[in-house]
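First subunit A sits with subunit B, and in the next complex the same chain sits with subunit C.
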Partner chain A sequence: MVEILPKMPKSWNPESKPHKFCPGCGHGLVLKALGQAIDELGIQDRVVFGCDIGCSLLSWDFFNVDTVQTHHGRTTPVMVGIKRANPNLVVVAYMGDGGGYAIGSQHLVNAATRNEKITCILVNNTNYAMTGGQMAPTTMPGQKTETTPYGRDVEETGYPMLGPEMVAAITREGAYAARGSVAKFAQLKKYIKKALENQMAGRGFSFVEALSTCPTNWRTNAAQTWQFIEETMTKYFPLGEFKVPEGKED
Partner chain B sequence: MNDKPITGEKKVFMTGNEVVAWAALAAGAEVMFGYPITPQNEIMHYWTRLAPKYGRKFLQTEDELSAGFTLIGGVLAGKKAFTATAGPGNVLMQEPMSMAEAMRIPTVAVIQQRGGPSTATVIYSQQEVNLTCFGGNGEGLRVVYSTSSHQELFDYTIKAFNTAWKYRFPTFVLADGYQAKMRESLVIYDPFEKMEMVEPEPFVGKPGTPGVDRKPAHLRNAYSVEEELYEALSKDIADYEKAVPELVEHESFNTEESELLVIAHGVVYRSAAMAVKELAEEGRKVGYFRPITLRPFPQEQLKEAARKAKQILVVESAYGQLYRLVRENLYGADIPLKTMFMPGVGITPEEVREKCVALLDGKEA
Partner chain C sequence: MSTAAAPAYLKKVYTTEVNKGKAVFAIFPGLCKGCGLCKEKCPEGALSWSEKLGVYGTPTVTPDPELCKACGICERVCPDCAIAIIRVDKEK
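Let's look at the complex of A and B:
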């Protein structure tokens, strides 16, 4: 039998492969989509990748692109500073849902409001994965986590945060906001590519949330993992584009 | 567009905040990131008026965390960049400064100390010594210049950029609300005509494709095992220790003759110096020692200055923040330490004089 290996994006760093994520983790797929988008746009020499603290940190040597580890929640301002100081670079702030929607939410809101010419990719895995599976702003009603052992009680802790919808609501023309999923790879890649192109065109803040799998903290097998991301998560987190600059609609 | 904010030398009369803005411009700072807080606001006000004339940039961020982290980004992209803050803003600034310390990022921050703890006053203090020297979850691998006059604010703000970019440690100019708001005369100048200016350099976005033409920059502050961290930190500590003799700065007076040595820093040093000089003129055996760098501390120089002293008086607008540095750096010297602590309050030459006389006359133990 002939084994067909998936082609590795050119922008990946082969020395750090196989990657450090758990088996079945969605992070690798998001980064594959990003790697392919970087290749197709031919911007490997211009990209600066910033990774948050969270499982995103495990991507710090994932690419052969200049990469900066930052602090939990602080990737957005670091990338804003780099972009403002050198607008020729294409900067990517890569973060988790805890980093982007909780501890770093003020940075997300204000970067979006200022229409910073950066691209944020936020991995929504409905929990704080790196610290062992606590509740995140995206944890769904009734979902069990280490800090909601009886399920998330919306009376006590509210409903899941809707990031791209919020970004769409607070930004003006020129911004881009979308939600993709690692379960719909081609669509996710298209969104990420559009988000990069939008930055390169200098139009505005570009934001993609990626629904992603975390079988380790979900404690799910392969079938349950797939069902969770495709059926349960999409009930709360609809896929699609929420803000598209004029003329860039499909 | 003009790119030389100052040519030659110019005598001026201005507030300290204005001085800082001019110094940063003169030093070639290309961008300031800041968040409003008294008493540093006018640094931003002057910067935002002057900067566009010289092609420089400004960003008002959502808080001091963001000011510090955008500052880090600007520096990573290879620009001389700075921020200014105070009090509760300095507290928030410590998170980014801890990252700068870990990653050897040459940030420059001007701190105009105000009263503390908490919101306290917007006026003045010397209560941010601990925070500025040792804030963050690290070892205090920073450089902190404590200025005492507008001339020094100008000189040391320029020097801060050179120090930061030469040694790659976060560098602070530690002043206070009095220095910020007072008007004084000084000479401003173009430092490029006077001294060697250290050029900035990008950490990311250098020419070439990473992995093809050059290695990618993979800049870290997180480590998976203890030994890995220890190795990285040991190198930074060794670099810091090696730089200490080149970095430390101090000033002293009459130490060979003095039985009483007065130690003060920043604006309080000026009161102390006036009182001490007056008393010395009257024939009293008194001198002073003033650390200019609080980090690293001029330890050998202090020990030398204290050799003849029978007693030491530490004067500060804080409750023992300088005192702790003095005690630590004088360890082993058997000299009684007297104190004059006025946390959050200014200290006049008369007050220092009175205290000195009492100590010299043996009226106060």
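Let's look at the complex of A and C:
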């Protein structure tokens, strides 16, 4: 009998597992998709991974690649700097919705407007999970969080942010913007792979938003977690590609 | 890196022969956090809570060998890579 090993992507760091995310957290699945995409493209030796503040920073020892951890949303400009210093590298800015859309949104907007040749992966779980589940820019209307106990009131706090739609609107030709979901793993992996390939081809800004689960702060069991991400979230956050470089459509 | 001791989760693995012996369902209790995402995604309803405990002291899952078709959906949706489905090659 051969020795049975866990089927982890080769780019994962096996010594830091089990990883630090909560049971049922979607970060593990997004990072699994990213790891498999890195393996399939064979670029592990030239990837630089930048993680943000929030739950996403728990991925600082996740991969066997060079990793930088920066402040809220600042992972985007740090990755832009690394890419400009050494264009041969493949840089991945990994952030949550709080870091990318609220506190550090100016960096995302400016990097997208300049069409920087980097890949951004933004994980959307509709709340600030690390600080206890407060309302985030992506909290859906009527959704209950710690700071919206009666549900998000759009009269008072506005509507949630639609990131890939915004990036698709402000970027120039050559950019890539898509939204995947951890409930559709193969699709998410395809989007992440296309985003990495778009960067490697030097076409432009590549942005993937990944809808993710947060059973700890949603206070859901496994069945309710799948129901929330597959039915409730996709109603407000449609999946798909919003901007594809010309000639690269499916 | 190569001199470091093997990670603790490799020490224990529970295997079950499924799909009429054509595949092996392996679960690593040192990785399983008991979230139950795999149990809900199983199209055959073959997974149930096990007596064996995972890394956080929560139950792991065990497959029903009669129902499991070794499709691999549980392996794919596991955020911790705690499940491995190994297809057994036919003897030639």
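Here are a few things to note about the model shown:
The definition used in the following text is that the second predicted complex is superposed on the first by the 244 of 250 C-alpha atoms of A that agree within 3 Å, B and C clash if a C-alpha of one lies under 4 Å from a C-alpha of the other, contacts with A are read in each partner's own complex, and residues count from 1 in each chain.
In this section, a residue touches a chain if its C-beta (ideal position, glycine included) is under 8 Å from a C-beta of that chain, and two chains touch if they have at least 3 such contacts.
Keep in mind that what you see is a predicted model, and the values were worked out from it rather than measured.
Contact with neither subunit B nor subunit C is seen for A:Lys184 once the two complexes are overlaid on the shared chain. By the touch criterion defined above, A:Leu29 reaches subunit C but does not reach subunit B. When the shared chain is aligned, subunit B comes close enough to touch A:Gln44, but subunit C does not. Look at A:Leu57: by the touch rule set out above, it reaches subunit B but stays clear of subunit C.
In the superposition on chain A, no contact is made by A:Lys144 with either subunit B or subunit C.
Once the two complexes are overlaid on the shared chain, A:Asp66 sits against subunit B while remaining clear of subunit C. In the superposition on chain A, A:Val78 makes contact with subunit B only, while subunit C stays out of contact range.
With the contact threshold set out at the top, not one residue of subunit A is in contact with subunit B in one structure and with subunit C in the other. Note for the complex: subunit C touches subunit A at residues 4, 7, 9-10, 13, 15, 24, 26, 28, 30-31, 33-37, 39-41, 55-56, 58, 75-82, 84, 86.
If you check the complex, the residues on subunit A that touch subunit B are 11, 13, 44-46, 48, 53, 57, 60-61, 63-71, 74, 77-86, 88-89, 106-107, 109-110. Subunit A contributes residues 4-8, 12, 14-15, 17-19, 21-29, 32, 185, 213, 215, 221-223, 225-226 to its touches with subunit C in the complex. Residues of subunit B that touch subunit A in their complex: 30-31, 33, 57, 59, 61-63, 65-66, 69-79, 81, 95-96, 99, 202-212, 216-222.
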